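So, here's a batch of structures to check.
One chain, chain A, links the two complexes that follow: it is found with chain B in the first and with chain C in the second.
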Partner chain A sequence: MTYFTDVVTLARKDLRLELRARDTFPAMLLFVISTLVIFHFALPADADEVAAQGLLWVALVFTALLGLARVWAPERESGALEGLVLAPCDRSAIWLGKATAVFVFLGAVELVALPAFGLFFAPVDAATVAGVILASIGICAVGTLLAAMAAASRTRELVLPLLFLPLAIPLVVGGVGASVSPDPGRYLAFLALYDGIFAVLCWASFEYVVSE
Partner chain B sequence: MSTSSRNNHVPVLAALAAALIGVAIGFAFFVAPEDVDQGISQRIFYFHVPIALTAYSCFGWGAYKALLLLWRKDERYDLESYVAIHQGTIFGSLTLLTGSIWAKASWGHWWLWSENQLVLFLVLFLFYSAYFMLRFSIEEGPRRANISAVYALFGVVLIPVSFLAIRLAENIIHPTVFTREGPQMSGTMFLTFCIAWLAMTVLAYALYRLELLGKRLDSNLRELRELVT
Partner chain C sequence: MTTAPAIEAIGLEKRYGRKRALRPLDLRVERDGFLVVTGANGSGKTTLLRLVAGLAAPTRGTLEVRAERADLGYLGHEALVYRDLTALENLDLYGRLYRVPERRERIGMLLERFGLWDARAERSSTYSRGMLQRLALCRALLHDPALLVLDEPYTALDREGAELLDRLLADLRGERTVLLSTHDPSRVEQLATARLALA
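== the complex of A and B ==
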């Protein structure tokens, strides 16, 4: 049980930090709305709703990327990562706590982004919402680990999108499939499979990313 | 010593690779029968597919060495994993190139999104290009070795996942040569394919050994220089 207590403590620390500083969340929110407005002008007037569904996923992936770039910034700026790594808890708990916090941020952004998308473009159905939830789990799991890798590099924010986007391609395929296909079941199953595989991989390998 | 005797294998391997590739070219152009459907353009199959399979093997080999690094904490696996992925990326680029030529000859377009293998290789090419970006922006040391290894492991997991994703997103027009009933080609064609596959694998292994040799020499030289100064 201590493992989950650690995870909750770490996640709560990040949420509290964000509540006090309000660095990332408003930026993500403004970014996703701006992106949707950009897409309105990028789409030709006679474009169909299916094209807009694809753009929703572009907006979500890039918004997540914006948040992920800052995920380890508080730790890095105050040199707290060493302290976390030395803390008497399982190192994978650091990843799980961080990924949980990122999931909460991203979920909150999506709570605004999906109704906004429905308002601007096309109504959002249940399959899309399920797809967004499943894809968000994958984005947070993989993105948090890749952000930790990028934080160790000299180029940081520059290298993260390069690492993240190839891994996000299957998520976009699954998400768009769930949004536009008449039979979204297999796309949702694929997203769940992706989440399962990569969550286990990230959980097992995070220790090596932060330790020497 | 053991390293010097191992180094002597490289010229032998290179000669073997050259000879095998010569035989493979001979078989592909003069022994294998002409494809009824596609004519001469089908012969690029004997290079395209073995190169693609070799690229997969290199990525797999790189991930295996990465796993060994994380498992045993032995630094030499880092270089071996990196070199294997480097070779894999080279063979992956060749796959994109030969696949593109084949697509142009068969379907009249240089690029087809409906061609699963090509799209998969594009995704892998992007993924492994990012590997180099990541690796060269981290200070040399155990941290870099660990991060590179974890990323290399992500690669082998991404291959089947991406394959599945592309299958889900597709409409199939890529000719499926290998089905569950076994290879759909004549005996001579299959023999030619196997020779070409062997030739490419030996070539990749020779290049892998050669690059490893060069990189090790480099690092030994650097160590010696640091000792002198």
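== the complex of A and C ==
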């Protein structure tokens, strides 16, 4: 139980920091809406729904990337990550707390983005919503770990997209598949499998990312 | 019966790439001892203290620190607190992670002692350098650690703050194991049970 108490403590800290600083969430929100508006005008009026579904996933992945780029900024600015590393909690709890907070931000952005997508392009069905939820779990799990790795680099703005985007390809494949396929179950199962595998890998490897 | 030393290092060395950050050294700090580490800039004081705290790994040699993470209090060059949280929120966060018993009372006592009580609800980003150092000391002492690693703790403290720290260290002497690096060894000369001058 103490492990999850630590996770809740750390996630609550991140939510409080974001609510106070308002650094990332408004930027993510503005970005996703702007992107959907641009796509709305860029896509030909007679374009089919399948193309539009692809654009939704492009918008979501790049919005997530925008948020992930700043996810460790509070720790980097004040050296607080060392304070957390020194604490006697399991170091994977630091990752899980951060990933949970990112999931909340991304989920809040998607709560706005999906109705906006429905307004501009096509109605969003249950399979798409399920795909977005599952893909968001994967994005947060993998992205939080990679952002921690990138945060240690001087070229973090370059490193994070280079690490994250290749690993996000399966999520886009699964997400688009769930959105457009007549049989979305296979794609949702694929996303769930991705989440399970990468969540365990990230959970197990975070210790090594924050250790010298 | 002799007790094992709190810290024991043999041939301890640290390099970052080809740059040597700490020359090989042997070190033994007895339990409840007070080691004062001195040396010029770049001699490896901070590196040694980071190694002891577990924030860096040795390149060569062995280092044994007989303290759990929960028993270690570390003060570095940065305050290791969140700038957008208040002093109270920062200490509450660490108090929860360290499972400090009677957390609120302990936090209140430390904030009072370090003269930060009136500024407890202000974000630490508004603090002066000296106030941040006092907050960092509160954080390092919050869980009443058995081993204290203090890297130039007098940095940025005004006269009142420095005298406060003098009294605190005097209280801790013989009760806790202390490693302290400083450029002004005369300040802690009477407290030291061992000295290490890094070249």
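To be clear about the criterion, the second predicted complex is superposed on the first by the 212 of 212 C-alpha atoms of A that agree within 3 Å, B and C clash if a C-alpha of one lies under 4 Å from a C-alpha of the other, contacts with A are read in each partner's own complex, and residues count from 1 in each chain.
Note that a contact is a pair of C-beta atoms (placed from the backbone, for glycine too) under 8 Å apart; a residue touches a chain by one contact, two chains touch by 3 or more.
Worth saying up front: this structure is predicted, and the values here are computed from it rather than measured.
Novice: For the three-chain arrangement built by superposition, which of chain B and chain C touches the greater number of chain A residues?
Specialist: Here the partner covering more residues of chain A is B.
Novice: By the touch definition at the top of the document, which applies to A:212: first (chain B), second (chain C), both, or neither?
Specialist: Both chain B and chain C are touched by A:212.
Novice: Would you check which partner chain A:177 touches, where first means chain B only, second means chain C only, and both and neither mean what they say?
Specialist: In the superposed model, A:177 contacts chain B only, not chain C.
Novice: Would you sort A:197 into first (chain B), second (chain C), both or neither based on which partner it touches?
Specialist: A:197 sits against chain B, while chain C stays out of touch.
Novice: Which partner chains sit in contact with A:37 here, chain B, chain C, both or neither? Use first/second/both/neither.
Specialist: neither
Novice: With the two complexes superposed on chain A, say which partner A:58 touches: chain B (first), chain C (second), both, or neither.
Specialist: neither
Novice: Have a look at where A:85 lands relative to chain B and chain C in the superposition and call it first, second, both or neither.
Specialist: After superposing on A, A:85 lies in contact with chain C but is clear of chain B.
Novice: Counting only touches as set out at the top, which of chain B and chain C does A:165 meet: first, second, both, neither?
Specialist: First partner only.
Novice: Please work out whether A:111 is in contact with chain B alone, chain C alone, both, or neither, and reply first, second, both or neither.
Specialist: neither
Novice: Show which residues of chain A both chain B and chain C reach, each in its own complex.
Specialist: Residues common to the chain A contacts of chain C and of chain B are 211-212, listed in rising order.
Novice: Mind pulling up the chain A residues that touch chain B in the complex?
Specialist: On the chain A side, the touching residues are 145, 149-150, 152-155, 159, 162-163, 165-167, 169-170, 173-174, 176-177, 186-187, 190, 193-194, 197-198, 201, 205, 208-209, 211-212.
Novice: Give the list of chain C residues in touch with chain A in this complex.
Specialist: 53-57, 68-70, 72, 74, 76, 78-85, 89, 93-94, 96-99, 123-124, 139
Novice: Can you list the residues on chain A that touch chain C in the complex?
Specialist: My answer: residues 2, 5-6, 9-10, 13, 16-17, 20-21, 74, 77-80, 82-89, 211-212.
Novice: Where on chain B is chain A touching in the complex?
Specialist: 70, 123-124, 126-127, 129-130, 133-134, 137-139, 141-144, 146-147, 149-151, 153-154, 157-158, 161-162, 164-166, 168-169
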